Structure formats: structure tokens, C-alpha cells
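This is the structure I want to talk about, given as C-alpha cells.
For clarity, chains are labelled A, B and C in written order, and residue numbers in each chain start from 1.
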Amino acid sequence: MSMLSVRDLTVKFAMRDQNVTALDNISFDLGEGERLGIVGESGAGKSITGFALMNLLSRPGYIDNGSILFEGEDIVQKSESQMRKIRGDRIAMIFQDPMVTLNPVLTIGQQMIETLMAHRKLSKAEAEQIAIVKLREVYIPSPQERLRQYPHELSGGMRQRIIIAIALLLDPDLIIADEPTTALDVTIQADIMELLLELCQSNKVGLILITHDLGVVSQMAERTLVMYAGRIIESGPTREIINDPQHPYTQGLINALPQQTLPGHKLKQIPGSMPSLTTIPEGCPFSPRCQYATDKCRRIRPEIVKYGPAEVACHEVNRLHETQSEEQSA
Amino acid sequence: MSTLSTNTEISRWSKIWNSNMGYSFRRNPVAIVSLAVFIVIAIMSLLAPLIAPFDPYDPAQIDIMNSEYPPVWVDGSDPQFIFGTDDQGRDLWSTILYGTRLSLMIGLCAVALQAFLGISIGLIAGYVGGRIDSLLMRMADIQLSFSTLMVAIIFLAVTQAMFGSETFNQYAIYFLVAVIGVAEWPQYARTVRATVLAEKKKEYVDSARVLGFGPLRIMVRHILPNSLSPIFVISTVQVANAIISEASLSFLGLGMPPSQPSLGSLISSGFDYIFSGSWWITAIPGVVLVVLVLVINLLGDWMRDILNPKLYKG
Amino acid sequence: MLAYLVKRVFQAIAVMFVISLVGFAIQDNLGDPLRELVGQSVSDEVRQQLRDELGLNDSFVKQYLRFLGNALQGDLGTSYFFKEPALDVILKKLPATLELVAGATLIIIGLSVPLGVYTATRPNTIFSKIVMGVSIVGISIPVFLTAILMIFVFSVGYGWFPSYGRGEVVHVFGYWDTNFATADGWMHIILPSIALASIMLPLFVRLIRAEMMEVLQSEYVKYAKAKGIRPRRIYFVHALKNTLLPVITVGGVQIGTMVAYTILTETVFQWPGMGFMFLEAVNRVDTPLIVAYLIVVGFIFVVTNTIVDLIYGLVNPTVNLARMGA
């Protein structure tokens, strides 16, 4: 049985006139120690998925339907105080921007120790010892001193390391990392990712990595979900998705990678932009931007179905495959 | 031609009516009632000379024998005087109408002066920047660290002592507008400056500069419109505060004289009689003052919620 | 830290200098010290001689420097009315005013923090709505009107509290008599303190609520929730500490405003403090007393603002005091 099993998860936002669907019938599984990448443009519903898994959606968002089975128990049904026991302990979260994630008026030590003491019966001294050990694990020099410092005294990369250390404090089963390096300097992004990967592997922690960067996913995750306008449009082993993408949108994403473009040529962009949640078209949400779209695509929303080792939500996936192999052989 | 202009007029009104602001206004009974009450008070006080049965400034119409009649719903009243009379025998209803007019006028003029000073200084500080900016903002800090009321009390007290009550009373209204108006400019200046700094970075300002528009034109035509919503929100609060300040100063005898009373001075003159049972001289103008300030504050609150501008804090 | 301190103190001195200039200008132009000394029935010759002796014919700068020198030694002139050093007159009245401010401050701090936090964290409860409704009415009633209303209801109407004066006070030391030592003293200070707090309290409740609501939307509060921290700790440690930083700045200015409001409260309750005294001095054109009041109040403003700025720097770890001094 998988550690995390999400079924038909639907999240809505209560608006003035109507309720807007932000996540539409999402289902996926995650095994113990497995690493999953969730990829998509901003606004596709990646972050909302992350917060929904923590049952931490802020108003006006709410879980409308579906279940999130974590170690056999449904998170959606849990009370706030039961949820609090899971957050930070069994499931930890790494936020996007380390510059605003840590509380500016509390020391690093206070913010680490409070997390430990919220979940375990420990003395302050014991908690401090654990904090120091974890800071060492993320290669923070002179951890004792760091505990007395305030966040603003540390660099962004250092802060994100500390946030990773906080995530590991209670040896969680799952870490949800929401774009953990987007706010950082390009030069240290790779370091942080490498650190995260190394720690997840050595501690056998499951990871859900939310990112817009397919390149990062290819290095970090065993499996990948591609999201578009609040739905999963393709999922499967990362290697398959990178090497043999089925959905036209995924193909577009991969073609747009700089590595796929010859020097001196323009990056291949997907024409148009993702619809906002209030203006999602009938039928396949990607159809207005899709060069293969048919009448059926514009009328009927495709269900996600098995296709080889992956799952794809596209009516035209068969035809697509044929024409593309023809193109390649030609 | 005239039909055309009325048409655009109508469409502008319907535009406002159907905008976000209009929508929330229609759905907010508190805002509707507040605006209605404010308009009624404003119109009645504006038309005071037409509505009031007596002229409280005309000594020929005042008879000391009429003093301290209670309102009509209390025993021993005179039906001539709906709200009774004050200690000098003036009709309280008429005096309140005239007094409200004074309070409202002083409040509005003082805020107009604040806004003019503050917006000009804020625009200059933000646009010119550098030393002038830091000097002006340091001045604003210091000015803000002194309470307006304190500055006003001392200024008016000294002025009164210097010129004597007679002359002071004659010009009291100008002194009040000046002192309340000058003391509060930093509120506007800081907010406007912050907007200018934010807008200055944007491209349209650069392009306006490249097109050769002068700084004054850029500031007034391009930058100022972007600070309108915070200015609007500040102004409502400031009008309410200015009316309270004026009332407080007049209550202390440092504002409008009893011969030409604003609401504050009316309450003050009534206070001496509160222990002898003539509560209405204090209570009725007190209620009018509170209602007036309250509806302005409620409108300000509603506007702050809708426009939600980034106000300068601190 | 030291550089910041020095800079802040320097600014305070500069402001005090301006205040002293204003004070001197008032003294120079308001009233005639000679008439207060010798009356009207003196010949012009004697008058001129006296002016010379008193140094009133000296240059402006020379007279100002003398004024400043005396002021620095605590000599702010002699009250025309009390025939006592003006500073002494004020210092005798100061404790009454400070106790009033202290009473009001206690009420404000004691109530504004819990009410502000409650209304921010539970904005939709009936109690929150009542608090917000009362608070907007509160800021719409001028202090003097609240004071009158309270006298009317609780003194004249029910007779629960006395309506004027300080009542029985107990001598502490120097010029300090306190209200807080006897039951009668407490009864006398309750209404004036509430009246003085009446406009500031709703202001602070609304300020704390607004700041708190903003802080509760922040990433670090979300993060604290994601760590499984209890709401109580999130509200009172994570959020409140960040909320109070801007509140401290505003609070500093409001202490000064409260001194201004004491004039109103003291007038209504005939509280024998320095605000009440000041208005009497104005009516008597007691110039030295007016000037002394201006300088003492200016001093209080400058000192409280400087202290508040320093506290802000100490409480807020992101303010690097050393860098701010540069």
C-alpha cells in the first residue's frame, strides 16, 4: 500500500458570484521514500495541491471533494488539532521564498526548538542538541552560533538550508517542497537541490517537489505529474515523460527547454497562455493552444487514461503518436 | 450639443454606480445610511440661514428672558423653541444649525489646506529626491511627533494672549483653519511621496520625460492620479479629526467665541449649566457633533475597505 | 548602537533648541514684564532705567543666550500670578497629570492588546463586531464629551464617583502626591482616566487589529502553521511580536497626544494638573508660566519620542542600530 493516496481531490475557491474550481479531480499515489515531481506553469494548481495535502488551504479556498489517505488515514476528515500533530511532524513543508518564510523577530534557535517542542516532550537543552545535529546535516557552519542569530543576519541560501533542517527535525515521512529554489540565486539553486536529494535518499523520506522546471524534476524525481489549469494532464515515470512525452502540452514544455534549442535559434514557446481559473474553456482546457485540437477536444473534457507506462488526458494521443513517428521517420 | 454632454454625464454616473465601489456601496446599508445622514446634515447646515427660525448672530432676536427653556418634549418648555434655548436665550435649534455649518466649514477648509500643503510637499520630496527629500521627510517626522492638538492649543493660547480676546474672536475661524491645516500636512506628504517613488520607476513616467514633458506636468497629470485613492481615504479621516480638533479647541475657549458658537463652544457654554439641570444645551449639540463625526468615520472605514490603498504607516 | 544613540540625542537637542527659540520669542513679545513688576504708575525715565537694568534693551541674541543659560539651570522665570519660580509651579502640578496619563495608559495597554488580538483572530464573532462597532463610535466622540457624559451619568446621575478634583492624596516625596494610595484617591482618578483613555483605546484596538490581520496573512505565519505550532503560540509569539513593532511607533506619538488631551480632561474634571494650570495661565497672561509649560511639554515629547525610537530599535532585530546611525 502506498504511503500517500490522493483520490478525486477537488479544491474550490468561494468567490462573490460563483465557486471557482482550482483543483479538478486530482488522483495520484506516492510510495514510501518515493520522490514525485509536480510540474506546471504558475496558476496550474501546483502550490494549491501542496497546501491541500497539509489541509492548510487559506480562505476562500476549501476542499470540496475527494480524499487524501496518508498512512491509511484520511487527512480531509481530520480535525484541526489532529492535523496539527501531523504537520511538521509526519509531513513537513519547505516554502518558496526563504526570505519571508522565517519569522523576522524570532531567532533561528527559537524557530527550530518550538517545532520540536510542539511535537515531542523534550527539554529545551535536548531540543537544542537535535537542532544542532540537523544544522550540521545541512552543512551549516558553527551551528551553535546560528541558533542565536536572526533570519536577517543570514543569506538566502543559508536560510533555505535552515528551512530544510527544520523540515528534517522530526524525521518526517514526507516533505512537500514548493519551488524551494526559485527565490534563490542561480548559483546556489543546484546546491540546495542536491542537498535536498541527498537528505531525502539517506533518510528515506518521501518528497513531493513542486516546480515549473522540468530540468530539475528530471534530476530529482522518480515520477512526475504535469498539471494544467487545475488538472493532471499527464503522469508517469519521469524518464518516460522527459523522453517520450504524450500530451501536446508536455511536449511543448520539453521543446521549450533551452537544451532543446540550437544556439542562435529562438526558444520554442507554446503559443498563447494558460486560461485563468474563471475562464477555463469547455472541453480540453489546453485545446485553444493545441495545434492538434479537434471539435471533440473543444466539446468534451478528456479523462486521464493509461497509455503505455504513463497516464494521459488527451483525446488525440493515438493520432498524435502516429503522426509524430511519421515525422520522425520522414 | 447639450444632449451629448448630459449623455456623457449619465454614463459617467452609471459607470460609478456599476463599478466595484458602487456595487459594494449598494450592498452596504451602513455606508448608504452614513452618506444619507451626512448629506442631510451638510445640506441643512448649508441652508441654515433659510431653515433656522432665528438668527443666533442677531442680538435683536435674542432675549435673555428666554434663557434655559428646555426642549419641547420636556415640561416647562416654550413651543417656539424646539430644542429649547441656551443660557443667553438663543434658540438652540438655530444655533446648532449655524454651529454645525461653522464646524463643517472649518473642518473642510482645514483639510483642504492640509491636502494642498501635504500633496505639494510630498510631490516635491518624492520627485526631486536627494537632500531636499530627506530634509522634508525629517521635518515631517518631527512635525508628526508633536501632537496636532498640543501644537494648536499652544499656538492659539499664545495668539489669544497676544492679541486679546476681542481681536482673537474676530479672526478665530482663520486661526483655527490655519493651525489645524498646517499641523497635519505630513500625513499627506508621506503617502504621496511613497506613491511618487513607486510610480517614478515605472515606464510611463520615463516615456513622459523622454517626450519632453516638464516635471510639473508629469507630477500633476501622471503621478498624482495614482495617489488619489489613498488621498481620498486619508481625507475622510482627516475631516473627522479636524472637526473633533476644532470642537476641542473651542471647548477650551481657544476657538470660536460664544457669540458665534461652533458645536464645541456651544457644548462648552452648556457645560456650566449641566449641574443645574439644563442638560440639553450640552447634550443636543453633543449628539449632533458625534453623529456628524461618526458618519464621516463610517464612510472612511467603508472606503478604506473598498479602495484598500497602501497607507503610509507610522 | 552608540552612533545611533548619539544621532538620536543630537536630533532631540536640535528640536529642544527650536522649542526654546519659540519659547523665547513668546516671552519677548507677550505681556510686559515691567508692568508686572512695578505697575503703571512709574515715569518713563525710571522705566527706561529699569529696562536697562533688566537687560531688556540688549540685543535679541544676547537676551536669548541669557534666557537659554537660565533655562539650562532650571530657571524659567517667575510666575506673575504665583510669584514663584515657574518651573516649581509646573513641577508641583506634574505628578497629577502624570498619574492621570499612567491611569489611562494602564487601561489602554490592558485592554487594547487582548481586544485587538481577539478581533483580528476571530473577526466574525458577535463580540468582535460589537467591539469594532463600539470602537468606531469611541473614536467619534471627543474626549471632553466623553468626560462630560461620564460626569453626567456616574456623578450627577448615579452619584457613584466624584465629579471633580483629586480627592485624598498621599505625599510620596518631593512634589509627588499620589492618588493611588487611598480608596478616595482611586475613586477620583477612575473617571478622568477612562475619559482620557476613551479616544486612544479604540484607536489602538483598531490599529492592533489591522496590523495583526496583515501579519496573519504573512508567509511566516503560514509556515508556523505548517510546522504544527499551536494557534495560541502563533498569535501571541509569532504574530503579536511583529504586530507590536508598528504599534510602538504610533504609540510614541500618541503619548504626546495624550498630554494634549489631559488639558481637556483636566478642564472637565477640574483636575489640578499642569493642563488645567496652563489654561489658567493663558487667561491670566502669565507669560513665564506659559513659556515654562511649553518647554516642559516639549521636553516630555522629545524625551518620549527618543525613548520610543530606541525601544523600537532594541525590540526589532532587523533594525541594525549601528547602520541606522550611519
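FYI, contacts are C-beta pairs under 8 Å (C-beta built on N, C-alpha and C of every residue); 3 or more make two chains touch, one makes a residue touch a chain.
To keep track of the chains, here are their UniProt names: A = ABC transporter ATP-binding protein; B, C = ABC transporter permease.
Everything numeric here is computed off the predicted structure, so don't read it as measured data.
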Distance-maximising chain from chain C - centres being C-alpha averages: A
Between A-C and B-C, the pair joined by more C-beta contacts: B-C
Gap in Å, rounded to a whole number, between the CA centres of chain B and chain A: 54
Cα-centroid distance, chain B relative to chain C, in whole angstrom: 25
Centre-to-centre distance between chain C and chain A (centres being mean Cα positions), rounded to whole Å: 54
Multi-partner residues of chain A (at least 2 other chains): none
Contacting residues of chain B [partner chain C, same complex]: 142, 144-150, 153-154, 157-158, 160-162, 240, 244, 247-248, 251-254, 264, 267, 271, 274-275, 279, 282, 286, 289-290, 293-294, 297-298, 301, 313-314
Touching residues on chain C, where the partner in the complex is chain B: 11, 15, 26, 29-31, 136-137, 139-145, 148-149, 151-152, 156, 246, 249-250, 252-253, 256-257, 259-261, 263-264, 267-268, 278-279, 282, 285, 287, 290, 293-294, 297, 301-302, 305
Residue ranges of chain A in contact with chain C within the complex: 54, 56, 58, 84-89, 92-93, 95, 97, 100-106, 114-115, 118-119, 150, 152, 166
Chain A-touching residues of chain C, taken from the complex the two chains share: 217-220, 222-230, 233, 237-238, 241-242, 245, 315-318
